[in-house]
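Worksheet for the structure shown next.
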């Protein structure tokens, strides 16, 4: 039991500190201390994950098989905690806005992160459900946290759609449970392998419901509609967090469920088709809808739909020969690259909005390249990375994922993905154009951009360095991703 | 003679070109000095003023040409000593690409030797003349630079030992003629004429280019001697074969036709003759050198050079014979109605070149070259004479001249001698060469002979008309000098031209008178033929009948024309208009048989530029690009669909979850 | 006829669909939540049916699952109603077809 | 030739060093402002001097490489490589590998040279000079990278990298409808590279390496895509870049609205990347498919030549006219390649080099004229030669070179292509001959309208070429064009060396095919 | 339980459940709808009893009938000016019906057509103890996480529902904006309200 708790370490740190924060809020009035605590918790979580990694706990299962600590889970734990750290670091302004709810805000971020981390490590359907709901409910609240017109509306919509999605997901799980008689992923897998034949329809219905539920979290079309609304309404750090963390965890659990529990050859061929179709749809929907957006948060929301589609390419590839390792590690690598890149973009957007009077209108970015050259440069760099141009993280992520597609005989999917890169260039370049190319009339009267706070600068520096490092030396991360997925596909 | 000498001949004018170019550049740089002072070394300016003046442009060229001329004459004498045996002096690899080896080499035989003398000689005299004619022109230095480049190109053309080198210089000749015709580029007509000349000749050059590509791809060689030897070997079973090279009869015919196309363009034969009259927009010495004596002769030279090829194919030789004959007559008719003295001479040039063309077509290769040489001298003289007239009257319009006989005696005498020579009056050079061609024609193709004979008569007629209108009767006042141009300030009092212009005229007159005697005894033919066997060797005979007939015809036509013009008023009173009995015919002729109009206005402007080019441009803009732009706009429309789909309702999101899930399930279950 | 597993499953499916339809068609946010609750109940019914008729292992885990679902449903409803309240304070309405600031 | 140190890396990344230097220059609000006040000369000129120095340095390196390149050994030289990504388990191996052979050495030199030209021709830029020259240097790095990469992924990386500076250079310092043009350029290229990437990946996956020296025919045969499909995919990217009809419409827009220096680089080097890619990648890796595709390539080439020239005839904007003429001229490259022989391919490679110089010069001249007249409309100009004779000389010279005049560089390439390709592609070459005539027509037409004709008083104030940078560019370009025109062996020998192995491959494949079938 | 009794119980409870649910669809008043929901929930609780799941039945009654319904009623009461007409459906109800029918076909087909492998006739005994045991043994982790979840939801719901000082200004601004425009604000112009002035000094 103690060993089990040990395995839970990374999440436990977050939960405990989160709980502490809830009432620490009552007597600790200083924002810096609260943020410091939160960051310390996240850092502690990362360190704990690292310890688990090095101390020989890899492969251990705890809590009756509900939780597993493998490299796959650890990879996501670190990634998610890192993303949460970035979100916390850039939350200065949000916290200033809501002085009376700081503890809740930070605690909910920690809870949500813990939920996502559990999701990555859970091997039990009930565990999956609870972890998912923990993170979802935290996120509903966080999205509506500002209680303004947009935030509350976004939060409500996210909740209502999310609740339906949860119900659908549960129905799928119920069918699966009834059919296989177990909530444990590996037991489900063995049941399907032995007795699955002839029950494809029920299995597929369950699977479809599961896809809908997790696809909702990952914002994959056609389950993506909440994303733009939630992102637009949410406090921007939360939007950043949602766009990367939710997606990452959703893909983690998709990989686990669909290739650990449902990975039997009986069904695998279907996965290839389904995920390829979803990938295509997501990429087109996300990219086409993003073109006309003038609100950069909304644009990035649609772009995240498209990015989810790109990630789906990896899922589609897993089902094929030789594709397993490559596809899964491609997803992991891409997720990491996408996370740092998107966070970099959001960091700058937050800073710009702070000085712009809170506007996220791309057109108001005109002439920013002159007033705030470094900020603009970082944003442009992040957007160029999101397109998938060198020398950036997403560039290699895309190449890697497309390679998985080609390798699994889905070259057409790679072509679709590559063509979508083209479409995405059309809108990703718009802010770049606005910042560096457009000019404003009253150039001189525009205020200088104030120097951002240290925490934000730190976040910006970290994620930008991440984008560049992954872009210039992807080998390290690729090897890590490979090792992580070997835990599942070996 | 050692090879180096020929390279010296080639590079002498090239050096002159470089010096003239420096001079011309310096002239333009001087304008800029105030603005680029910092980097213009002060020490350089006096040197530039001292040495880079106008003299740097002309003097080196004249010296270079003089030296080259002397060398060419020595070579000619040498060549006579060798009985015209061809000599591949030397060849050097310029570059290679795979199997393609491009050489730079010199080939000397009788033809080349003659051409070298003609080119350097005429060019030398024209340059001397130009120093007077162009004196005071703003573009004096540029002029000589172009002239030097032109001479270089022409020399390279005649020296070339392979087809590619020949083609390269051939194009360069075209270029320099473009530059020289458009020399006074401020005149729109000159700029247009230059462009037209270049394009029309390039149309012919395409044929030559195609011929070259064809022969290379069939035989793998571009060497002139090898090609000629191959063509001369005669076809067996429709196949020429020699020294491992092989080519079919059809390919050989096509090759010949391609060469003919090139020659037709360059030598202004029907239907590509339309550029030459317009080209008279260039300075008159240019016309003398480029459009009478040398450049247009390049076409004839080409066919002479590839004479075995032309004669290896009856199609090719017949074609060029008839083109030549027709052009000879047609151009002579056109010359008869021109009022611009230079245009008369231009059409005359076309007509005379046509003689050479059909001479080659019927096998009178040596006669053609001989006529080329004599024509070069007397036609240069005629043009220079017209330039001299223009120098004092500022016009080329013969209707504004008249009575210059006494005012410009030297010009008159030389012009008259030239006229007589051109008309083929015994014993001037034109007589010998033309009659030789006619005799050939009589022997081999009676139809061509008839046309040639008619043309010969007309030649006398139009030249007499030109001489009469220019030098006889009352002086009609010339024309005021146009603003921005240089010329005689007082055209109402014409005067004889300076010595720099008259001396070359006189020298040319002497040559025109004596050059014809070279043919006596058949020496000339022997040089020119060189190693090439004459298809009609030994069959040539002097025909007194034709000699008498043609002379009589020329005299008759000349006198008739004289009488006709002189008594114009009286003839008019008989109810016949103009010098042409039928007004419609005259209009037909003055409109140049409507050929120019057809080519320029209809084919070039309307069919090509308006229809084809505009259509393509429209297609490019609206279809090729339009599709892309349309796709882009449609993409934006699709993007706008987000407003419909993402309508903000919660249920849109939940609905799509259900719908999406169901579609997937149904698809999986059904398929 | 014996009332067996299928009966309950069909009943659950029917209930799920009615709930889904309510969630899909109601204007009021509370109405939508009612639909969601019905859907969750349908899931619960299905699970309990499996508990009764399924294998021994499944009997317990399904019921545990149901407990969790009920707890989560309560939490969801609480948060949902709180959010609806915030929306109401901002907009004086909780009709989903009127709270459409975020669209496009 | 092993110089003993990574000369190619130095060459490629030297411009980036320049970027760094320029970035470090003190700006308005930096703590190092005192540097600005105490600096000698005009600090706003520093970026251009740095750019000039760096690009000259690169030129010197390229020139030295060109000279010491061992002409007796075929294959790649100056190789500079190490493993970059090696994920053996999944077969994703990328090498940092650079090297040059006979084909790329002249192109590298051309790039380095035109980069100097581009810097010089931008001498009068006074808007945001720091960024401008920095991006120009990034552009140089990316193009050099493309010409020297030995790894498909690095090739692709540099291929894409070039988009960023191009987009910004066109849309910030351009003119006219510059945003549209810049975006169009980017979208076209990305469209093409999308397909190219898939093709590369298919190759890389099949061979477990992206080093194209190590990709063998049997690996390609085992690829997940059929070789013809891979070939077509990669060809799309190169065809867009080249560009060929009907994928060419980005070119006139991009050229017209780009600043002069960018037009020079675009026409001079970027288009060459397409031709280079076809020779280097398509025909080296898939000679069998290439040999089958020869007729299609020839037809596309011929259509590009003739159609491009005809459309050029109707252009009223001088820069647009030259841009369209590029379409026509680059058709020759395809035509030469389709010959599948050493002669034709050498000609095609030569065309890459010569067209780079000639069109580069044309754009330089148009740019200099535009700097003075501020119009590019042919209809607005007349008789310019009276007032700016030196520029007129340059323009006429460049124009004549462009129409393929002997003794100038363009002629050599075109004639070699014609002679090399006629035997195998008779019809296409015959049609293409028209292009020679049409080229003369549009160039002479443009010259006549703009530079000749009566004086127009409105231009009497125009200064002629009057700055040392202008003399340098014009003089250097003229000299090189004449040099290559009269003595093409300097580069032709190298290019021949470069294409010979390719042709041998093709011949081996064709004879094997003939023997087997 | 006799066979007939079982049948009667099942069918009547099923009718009650489905009927209640159906009435939610058609009832005019939202409060009535909640009442119908309660009825349906009770029916389900009864069905749980027929399935011998007494513990779940009790929980069902307590949570759903006792808590959730009340919560909903409170929510309805707290939003007095909101639209309460429950019978009006949104415009996409038609398509929604189609989709629901599709879902129905799918789920029922699966429910009927699948071989569920149902083997057991006897019900689980001592459910409350077993469930409790397994919650603290086998499912201890989900249990703990569930606790956190409930805490989070609780805290979050409170944080959302209570009106802090800074919220008043936000709501006031929103209502003003609501009066100023008719809700057709373009989302592109989303601008965060200005920072509250009583916050700490910005860094």
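Going by the order they are written in, the chains are A, B, C, D and E; count residues from 1 in each one.
Rule of thumb we're sticking to: contacts are C-beta pairs under 8 Å (C-beta built on N, C-alpha and C of every residue); 3 or more make two chains touch, one makes a residue touch a chain.
All figures in this text were calculated on a predicted structure; none of them were measured in a lab.
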| query | What's the overlap between the neighbours of chain A and those of chain C? | reply | B, E
| task | If you tally C-beta pairs in contact for every chain pair, which pair wins? Let me know. | result | C-E
| What whole-Å value do you get for the distance between chain B and chain C if each is reduced to the mean of its CA atoms? | 95
| message | Using Cα averages as centroids, what's the distance between chain C and chain D in whole Å? | response | 64
| If you average the CA atoms of chain B and of chain D, how far apart do the two points sit, in angstrom? | 37
| request: Could you list which residues of chain A touch at least two other chains? | output: 126, 129-130, 133, 137, 140-141, 144, 147-150, 155-157, 160, 164, 168, 171, 175, 178, 181, 201, 205, 228-229, 232, 292-293, 298, 426
| note | Note: chain D residues in touch with at least two other chains are none
| message | Could you pull out the residues of chain E that touch at least 2 other chains? | response | 90, 92, 96, 99-100, 103, 106-107, 110, 116-117, 139, 142, 146, 149, 152-153, 156-157, 160, 170-171, 174, 178, 186-188, 190
| task | Spell out all pairs of chains that touch, sorted by label. | result | A-B, A-C, A-D, A-E, B-C, B-D, B-E, C-E
| field | Complex contacts: residues of chain E adjacent to chain B | value | 90, 92, 95-96, 99-100, 102-103, 106
| request: State the interface residues of chain D toward chain B in the complex, per the touch definition above. | output: 184, 245-246, 248-249, 307, 310-311, 313-315, 341-347, 350, 383, 385-386, 389-390, 393, 400, 405-407, 411-412, 415-416, 418-420, 422-423, 426, 429-430, 433-434, 436-437, 440-441, 444-445, 448, 451-455, 463-468, 471, 487-489, 492-493, 495-496, 503
| query | Can you name the residues of chain C that touch chain B in the complex? | reply | 20, 23-25, 29, 32, 96-97, 99-104
| task | Report the residues of chain A in contact with chain E in the complex, numbered from low to high. | result | 4, 8, 15, 18-19, 22, 31, 62-64, 66-67, 92-93, 96-101, 104, 107-108, 111, 114-115, 118, 124, 126-127, 129-131, 133-134, 137-138, 140-141, 144-150, 155, 171, 175, 178-179, 181, 195, 198-199, 201-202, 205, 232, 293-295, 297-298, 353, 357-361, 453-454
| said: Per the contact definition, I'd like the list of chain B residues that touch chain A in the complex. | reply: 635-636, 638-643, 645-646, 648, 650, 652-654, 656-662, 664-665, 668-669
